[in-house]
Amino acid sequence: MNTLSLWFHKFGSPPTFYRLSRLLCPWLFAAACLIGAVGLYAGLVLAPADYQQSDAYRIIFIHVPCAWMSLFAYIFMAANAFIAVVWRIKISEILAMTSAPVGAMFTAVTLLTGAIWGKPMWGTWWTWDARLTSELVLLFLYLGVIGLYSAIEDRRQAARAASFLGLIGIVNVPIVHFSVNWWNTLHQGSTVRLLGPSRIDASMLWPLLLMALATHIWFFASVLARSRTSVLEQESGKEWVREIVQAQGVRHG
Amino acid sequence: MHSQATADPVPLLSARALAFSRNEEPIFGPIDFSLHAGEVVLIEGDNGSGKTTLLKVLSGLLLPSSGTIELHGEALTMSRLSQQVALMGHLPGLKADLTALENLEFSIGVFGLRAGNTPMLALASLGLQGYEHVAVRLLSAGQKKRVALARLLLVPAALWLLDEPYANLDKEGIDLVNRLLEAHARRGGAALITSHGAYAFTSGSPRRLPLRPAA
Amino acid sequence: MHSQATADPVPLLSARALAFSRNEEPIFGPIDFSLHAGEVVLIEGDNGSGKTTLLKVLSGLLLPSSGTIELHGEALTMSRLSQQVALMGHLPGLKADLTALENLEFSIGVFGLRAGNTPMLALASLGLQGYEHVAVRLLSAGQKKRVALARLLLVPAALWLLDEPYANLDKEGIDLVNRLLEAHARRGGAALITSHGAYAFTSGSPRRLPLRPAA
Amino acid sequence: MRYGTLGSACAALIRRDLLLTWRRRGDALNPALFALMVVALFPLALGPEPNQLMQIAAGIVFVAILLASLLALDALFRSDYEDGTLEQIVLSPHPLPVLLACRIGAHWLTTAVPLILVAPLLAEMLHLPSTVMPVLMLALAIATPLLSLLGAVCVALTVGMRRSGMLLALLVLPLYVPVLIFAAGACNAAQAGLPFLAPLLLLGAGLALALVLVPLACAAALRISIS
Amino acid sequence: MRYGTLGSACAALIRRDLLLTWRRRGDALNPALFALMVVALFPLALGPEPNQLMQIAAGIVFVAILLASLLALDALFRSDYEDGTLEQIVLSPHPLPVLLACRIGAHWLTTAVPLILVAPLLAEMLHLPSTVMPVLMLALAIATPLLSLLGAVCVALTVGMRRSGMLLALLVLPLYVPVLIFAAGACNAAQAGLPFLAPLLLLGAGLALALVLVPLACAAALRISIS
């Protein structure tokens, strides 16, 4: 056992995880909603209209954070999948599997908002541009992971198999990100940079960053909430779960 | 649970606190047992008590959730394990489109050959003379089982793990399995066989290892 | 071959010179037998002797190559046959993703319901209370077999054809099957069951119908 | 003693199939996803020029939907065969063709309807002119039941075999060819501004015929292949 | 007492696979027939203008071959799994990745090579210019082993399941996308008179990588899915 897996065994033990996530989840959801509301207000109302695209551009405040999240969620999933496959740590299996549907949702929203935005901008809902295609492949990869996970009866075996598949798909993530640089495409090049100056006006930048923050928090809240139910389901035979169920039964009457 | 003291000090196979669980549900509880050369042990248990699972764990197909398995008193590695142990599962492991002989030759290529035996001899000793060049597809269920048993005679493994070797066999077939087991034990081999209560291991009185669901 | 004279003059089922062949090869020879209400007959034979095939012929799944089958002394038509005869084959005929109750309701929709019985009662009488709403997928092999048996209790058919009902059952399961068979016979039903030599029909001493390969 | 009526048997069968689909509703999306992927392969293989794609859009949509329903055919009788339910259905006291017609209808509902629903998306991805869309949908509405029916006969013939995937494809595809010609032909005609009703009417006539004959053929084929 | 060597094990495995293919040599033609049928669907669906077909010929040949090898994948481990041979192979005393590499190689020989051989015919049916033919064959020679290898990992992951056909397609197709893009891209470039070597070199690099990594991944995946 190396230090990493020791750490996981300590903090990632299902009961600890359950209690921690029960504590955190409501706060995270609340924070995500609050920051999201501020970001949306700033983006949709306060930020000035674009000189080229007038108000159509405002969909950026949903499209771009969701697009970032679709990639981030995959990386998060793959990291957990790696731990799950190599060290067989249960919490990582669960985290990887619960982040897949959330990531798939973000990917779908990205595709949808992109298509909606594409109609006024490019005059078509869809083109076979490298970024669009690779993002579509990303959705397929998420769906493959979800499908494989739900097709196998044994939860842990299913999680390991699906994690394995997810790991193979990670090659697609850099392709999505760098596709605008590697191939000349219709899609916007990178405009927001962490290092160096961004090619976007500050009045548009800060609502965008707020939205990005909100989606990140939402992602973690949602993954934690889903994982909590998974943990309960998978550990349903264990003593600590019975205690919780009993305690809740008493509370509910 | 069930452990016998015998003359031979180093058992061929020994399991300590061996347990396996699936989906966090224990399939079979921690069990301890050892198996010496020349022994045939019958694992008894109801449907779903984990007999098949136990054999898969012992053969290395599944990793135990806890506990240790030792071969000849040493912790096992996968490649040593598969030289010493032969598993005959529910499925015959035969290609229907190959002949009996071709099937055996494939398994010799992969697993090696026990000294002083040949596929023809093994088939003959199971009463399959004349069927060597018949596609397995055309053999009856009982004859297929015999080809699978012939493979056991050929591989060098000293420990046989047989999952329900009597299932779907008629009386003659059951006798045959018993004779093979006795001969193998006399040669210094050992075998672990499963059966649910309905069958009887007719000859002799083998040691029995009862298996109850852990939950 | 094997024909008994009994009190009841019109047998439930009678076969005259019944034979079946596949690819011009006879599978079972011409056999004659009759089955009266209240009787349970055990068809015995080695692997491949044609037991399963005989049941399929009697249930109407296969057409006999020669000979006649009569139900209540009348030549049979397909739809009368399937109202009178229930077959339980090697396969359970259950949908793994439906619950036990849903499976039974489907079979009632297709086959009808015996007077004075309900799915819940049938499941309860087989010791499956509390499992009515559990997906069959999650049941153990033994419990699945019980659900399949519950279906037999529900359908109106008077004649049961059971193919190896004891296979893969533990002792308790075997007793259960025997009790069901006795109750069915007492109610005026009849049953034809197959088994290869290894199993024993433990209770009573049923009539036996030996089957030998025709070739 | 209550013997089931034919109505109750059909209702039980359809209810069961819908219930099974609902229990595995994730899988119900698979044919549509597969069609989506196949459609996506073409722009990647041919290059993304919208004009070229537009020319061949209707044809590709049909080929994709045809392949998806081909793959979905396997589910028609196989699982019923493998768990023994098919034997029970064959032994039921009701006319087998009627029961099989219900089974095929339920299969069409659960696999082909999602395909029809996803078709506008597929067409849009290939830049099919929106004027052709109604014709495409109409052609699909007539063609997909025909595909399910024609496929059912082949499945009934191969159901006893293991690993029949490839063989099934080889049996089914030739039967699908006329459907493809008329359905895609109608769309191509509409796209070229020509009259497109004739092929659709022919398809409709074929469907009417198949609705009557296929259940009978299917019952005969099943009896052969499970014996 | 003679324990088998790794060499004898690989030889036995390959010999067995070739023998099995020979015993069912009728079935060995199925993938090629399937590709032929898929290719034949296009002129029917799109209309027979040679110029239009020529434009899209290379792409369609690739899509057809890709779908055919997708359907053939099912045979890679399934029959071995169902009759228990796979368990025996996993339990053998030799390194599993090497044995699996032999199995995949034999599968490629028996399913993909017929596809490559039939490719000129397919291309001719779609009027592919004969100057592009050598590039097509070269691209196929590099792409098909890559398809077999990538597919093998997914098959290994799904081998324990019943009726995995559709799911397998959904897992495999995204992985096939890059292969398709580069292989068809090379042909399209050649057809347009542009340099076509770069995508082929990329494919070659991918193949080299896959040859090393896939057997390892396959072994790991198999161990997960048969447990």
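Going in written order, the chains are labelled A, B, C, D and E, and every chain counts its residues from 1.
The criterion applied here is as follows: a residue touches a chain if its C-beta (ideal position, glycine included) is under 8 Å from a C-beta of that chain, and two chains touch if they have at least 3 such contacts.
The structure presented is a predicted model; accordingly, all values stated were derived computationally and were not measured.
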Set of chains adjacent to subunit A and to subunit B: E
Inter-chain pair with the most contacting C-beta pairs: D-E
Chain of greatest Cα-centre distance to subunit A: C
For subunit A paired with subunit E, centre-to-centre distance based on mean C-alpha positions, whole Å: 33
Subunit B and subunit E, separation of their C-alpha mean positions in angstrom: 37
Cα-centroid distance, subunit C relative to subunit E, in whole angstrom: 47
Subunit E residues counted as touching two or more neighbouring chains: 79, 82, 167, 170, 173-174, 177, 227
Contacts with 2+ other chains: residues of subunit A: 133, 140, 143, 147, 151
Multi-chain contact sites of subunit C, meaning residues that touch two or more partners: none
In contact (per the touch rule at the top): chain pairs: A-B, A-D, A-E, B-C, B-E, C-D, D-E
For the subunit E and subunit B complex, residues of the former touching the latter: 1-4, 8-9, 11-13, 15-16, 19-20, 23-24, 79, 82-85, 87-94, 99, 226-227
Subunit A partner contacts - residues on subunit D that touch it in the complex: 26-27, 30, 33, 37, 40, 43-44, 48, 50, 53, 124-125, 127
Residue numbers on subunit A that touch subunit E, as the complex places them: 85, 133, 137, 140-141, 143-144, 147-148, 151-152, 157, 160-161, 164-165, 168-169, 172
Touch list for subunit C against partner subunit D, complex: 59-63, 79-80, 82-83, 85, 87, 89-98, 102, 105-115, 135, 156
List of subunit E residues in touch with subunit D within their complex: 27, 30-31, 33-34, 37-38, 40-42, 44-47, 52, 55-56, 58-60, 62-63, 66-67, 71-72, 74-75, 78-79, 82, 162-163, 165-167, 169-170, 173-174, 177, 180-181, 184, 188
